[in-house]
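In the two assemblies presented below, subunit A is common to both, partnered first by subunit B and then by subunit C.
Coming up: the complex of A and B.
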């Protein structure tokens, strides 16, 4: 990392100024105090190499999805589809159960996210705005439970839902997903609500709002970005889940993830449509990620007290 | 905010607490209860065996094999991921030198941030399918395809020596971006004056990294370590989808979570699976507790 010529370990005070100027010139205006140019190049090179490693598999998926079938299995791999085609996407859409499983996924995800938002918002509100007996215990349980691998709960969960006649049903899966994304929802919304100054609540109360109105008219609108962020995260979690739905439901009530895995085993080498299916499945998540990016940048309650 | 708060609190908390009580607390009680029965998963639970399931576990070679693999992941997954994420978060934030009084990241650091985060968006199911292709054991596999025809292809997941390593690579690949972003956020909170003061005093990048970044970021690193360790206790999805014979070849990739699943839903050993679940529960909590208390140290305020 350190090139000997350009790293003054302990520059003498007298030589500091000319030394700086000299190296500033060499670095095109970058004053590298105590830093080496070789190090900068190395750092950038490391970034590029690592990015290539991170992206290569994703690039390969895209590459495969747009290739015609004979090119996918060619022994000489080609790094770009010579005759790009949408056939794989069409055959993915036409594949049995693809559209049905997509719809199932949408239903289950929307139910779970909507439920978690309502339940989580109210829970977060009471944790963030009131102090009461057992508050710390609730926070602790929520955090600890989030840590433990969900798999050790799969058997009791299955039994409970079975006894309530909720296995092989989209409702049962939705409730399970709701519970799965609830801790994160409560935790994140709690943070957002705590960020809203209490002075706003008090001002509204003095102006004659009831407490319910304070929640409805002050806190809820100001938690907007938080609600978007948590619902996107919840969406990603629920949309990408497949172990629970696969265990609880029969083949006609799966989501796209389960479809993907099913097709990987039954249709072995049909990589083209499979990769196309993977791309279609990932699109909503990528779109929502881009939304959340912008929303987080907008800032939370910036300006709420100033005005 | 004193008067009549309890109606609100009770009204707001009744649903989440009830959901938790049923789906988590009660579920765990049931898991503990089932772990002392020999039960296939169907019909009434009546064959009480005490701690027999745990004794059986003690003699079960697959169990010890799985524990070994979980420990392998537990050591290397947090270690590799945290080191890589710290180095790259550092490069993205302060690696590019110092210009006009502003410490910069390397060129294109905003693009990198998105690139590194991308794997995090892909479902484990998709990641597993993709890496099935990456590690394809013949010439159609991505890595093997890169090498000339004369090479004998690597077997990757089909070779019991490397199978677990392949799983580790995938876990790191998927996790690292999230921690780059997490550590970047933490580094963003470190005042640039601190770096600049050190840089003026002649500190090199390496010195900045070890003497400033790490101490000021210690709490975040600690949390990351716990989360990654817990991910190492899970790893079910990848092992289940990617490995030969699910956990093979010859048990070379079996992990605890896979054992639970297969015993419960394939081998009709729900009682035994519950006992394994109880072990997983305590292992996870013990790990989290030990890590948090062993790495506790005075946090340095920026």
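Coming up: the complex of A and C.
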């Protein structure tokens, strides 16, 4: 029936199989079973249709955000903004609390990420570089706490922070976010640290380094990329959170996500500015995400769970 | 994880970290330099304290709360709420509304995970079959979807399914003989849930497809070629070669999807404007509404405890999988 395409490694054996699919050479690991030209065209068409369908909502939010107000609420939607405008973005920026909540979000996120990075790095160092009684237990704790639905802890957390007078404060939320991203941070950094060959440590120790020097001169610099990836992921987590901050704080102490939620319910029909606000809110996340997407994919299957 | 120990430091009885046939129960001789007793604990201490204080203690407090009766009065006065034993649980468990919520959450999880994993696997297989340019386009499209914050994605869907100006109604209305003008998607719960499911599946596909696609690149090509030479149909190759090799990965992504979808909150919350009607409540939104909407903190806690207990089996399974594939050592 269908001849298998020549594998990239070995040229087709003296053959009746014509070498017409050259692009197969460039692919690695392409599944060659059932390859045919018509099939490839069909598959490509399906791939394009799928991608277009996936992108449609993204395209639609962009399309809406750049439309003038009367076009947004048109009974017959236009599929391309005929007179693109930045009005929606301007009115989002001018909307009450938008800038304030943006600043709040930045503060809370940075505090949480910085804290989680320091604390998490030390914890990761402990389970990656030392063998001690109880190490397995710590690993188990780190893995298990990631699986607890954080939302279910919101009731006791709210009561705790309430009695500590930390509701309606950026500090309370920052600490909460710190703990939210901490298990993931420990787990991911553990992976990066144990990737550093231990011979390097030993060589440095033999050459007279102290343990502290080994840390500062070898482990910390070599974990650099890991620290970046981990902190970016933590940033995304904290930036995207809105349920906790919406529950704990009043609107002037919330972040942009909670702002979006508030504005959806209070001004239900202002879709243009809302979509513009959604784009502004998403931009840092999307950029960061695209930078570290490889690490996220491996990190997730390696035992980390989105909060 | 892709991080690999150098051969010299690797355990002698561990041929490869991600191999399945590791021998359990053998202590690792001289694997790590002995810490000077207290150092590792001192390093881990801040993290452990934070986890204990803000994850462990609340977990205990949640269980304690579920045996009390904490209402707004106790919250404001700061008095210890009265102990009520299993009252909250009997109340929850004898409530038909609660069982409807459980049934709905389980049904949604089952359907949405099934669709997501099947479509994700299909897309992953498709990615192996298309030309390079198309594959790149698919990856870029999925990356954008994956990167979108949950809340934003849900708001986009809310806008697209708006009854008056939503593009979905407009497009469906274009079909001959169909009147979808001003159609409200959330009057009929089946329709409403199909919108929520579409949103969840759409948002979940990128993770599944891209992860499974990465797994597919590990399937040895020689096996597939040998199968073809021996006359296997593509379907047989898929069932007898690809799926068995991919099984551990499929298990993990399925388990993760179950955990995530079972905790559905954002999508239902946003699409229903922060006030989900009874027919759109899930366990997560139900617990939240009871606690923060009705100030029944103890009842909400009892529901949360039951939710965690319902998830326990899946979570243990996940942890065991992680240990089995050797990610944890």
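We take it that the second predicted complex is superposed on the first by the 256 of 307 C-alpha atoms of A that agree within 3 Å, B and C clash if a C-alpha of one lies under 4 Å from a C-alpha of the other, contacts with A are read in each partner's own complex, and residues count from 1 in each chain.
Note that in this section a contact is a pair of C-beta atoms (placed from the backbone, for glycine too) under 8 Å apart; a residue touches a chain by one contact, two chains touch by 3 or more.
Predicted model, so just to flag it, every value in this text is computed and none were measured.
A.B. asks: Should subunit B and subunit C be called a clash or a fit once both complexes are overlaid on subunit A?
C.D. replies: clash
A.B. asks: Look at A:143 in the shared chain and tell me whether it touches subunit B only, subunit C only, both, or neither; answer first, second, both or neither.
C.D. replies: A:143 sits against subunit C, while subunit B stays out of touch.
A.B. asks: Let me test your reading of the model: by the given contact rule, A:291 touches which partner, first (subunit B), second (subunit C), both or neither?
C.D. replies: Touch partners of A:291: none, neither subunit B nor subunit C.
A.B. asks: If we overlay the two complexes on their shared chain A, which of subunit B and subunit C does A:191 touch? Say first, second, both or neither.
C.D. replies: In the superposition, A:191 touches subunit C alone.
A.B. asks: Using the superposition on chain A described above, determine whether A:199 touches subunit B (first), subunit C (second), both, or neither.
C.D. replies: In the superposition, A:199 contacts subunit C only.
A.B. asks: Applying the document's definition of touch, where does A:90 land relative to subunit B and subunit C: first, second, both, or neither?
C.D. replies: Neither subunit B nor subunit C is touched by A:90.
A.B. asks: Of the two partner chains, subunit B (first) and subunit C (second), which one does A:163 touch, if any: first, second, both, or neither?
C.D. replies: After superposing on A, A:163 lies in contact with subunit C but is clear of subunit B.
A.B. asks: Going by the touch definition up top, name the partner, subunit B or subunit C, that contacts more of subunit A.
C.D. replies: C
A.B. asks: For A:274, using the defined touch cut-off, is the partner it touches subunit B, subunit C, both, or neither? Pick first, second, both or neither.
C.D. replies: Both: A:274 reaches subunit B and subunit C.
A.B. asks: Looking at the overlay, does A:130 come into contact with subunit B only (first), subunit C only (second), both, or neither?
C.D. replies: A:130 sits against subunit B and subunit C alike.
A.B. asks: Do any residues of subunit A touch both subunit B and subunit C, and if so, which are they?
C.D. replies: Shared contact residues on subunit A: 7, 27, 29-35, 39-40, 43-44, 46-47, 50-51, 54-55, 57-58, 60-61, 64, 73, 75, 77, 119-120, 122-123, 125-126, 129-130, 132, 138, 141-142, 144-145, 147-149, 151-157, 159-160, 175-176, 178-179, 182, 186, 201, 211, 239-240, 242-243, 247, 257, 260-261, 264, 271, 274-275, 278, 281-282, 285-286, 289.
A.B. asks: Sort out for me which residues of subunit A touch subunit B in the complex.
C.D. replies: Interface residues on the subunit A side: 1-2, 7-11, 27, 29-36, 39-40, 43-44, 46-47, 50-51, 53-58, 60-61, 64, 73, 75, 77, 119-120, 122-123, 125-126, 129-130, 132, 138, 141-142, 144-145, 147-157, 159-160, 175-176, 178-179, 182, 186, 201, 205, 211, 236, 239-240, 242-243, 247, 257-258, 260-261, 264, 271, 274-275, 278, 281-282, 285-286, 289.
A.B. asks: If we count contacts the way the header does, which residues on subunit A are in touch with subunit C in the complex?
C.D. replies: It comes out as residues 4, 7, 23, 26-35, 39-40, 43-44, 46-48, 50-52, 54-55, 57-58, 60-61, 64, 72-77, 118-120, 122-123, 125-127, 129-132, 134-135, 138-145, 147-149, 151-160, 162-163, 175-176, 178-179, 182-183, 186, 191-192, 194-195, 197-199, 201-202, 211, 239-240, 242-243, 247, 257, 260-261, 264-265, 268, 271, 274-275, 278, 281-282, 285-286, 289-290, 293, 297-303, 305-306.
A.B. asks: Can you list the subunit B residues touching subunit A in their complex?
C.D. replies: Touching subunit A from subunit B are residues 1, 4-6, 8-9, 11-13, 15-17, 19-20, 22-28, 30-31, 34, 41, 84, 87-88, 91-92, 95-99, 106-109, 111-112, 115-119, 121-126, 128-134, 139-140, 142, 145-146, 173, 176-177, 196, 199-206, 226, 230, 233-234, 236-237, 241, 257, 260-261, 264-265, 270, 273-274, 276-278, 280-281, 284-285, 288.
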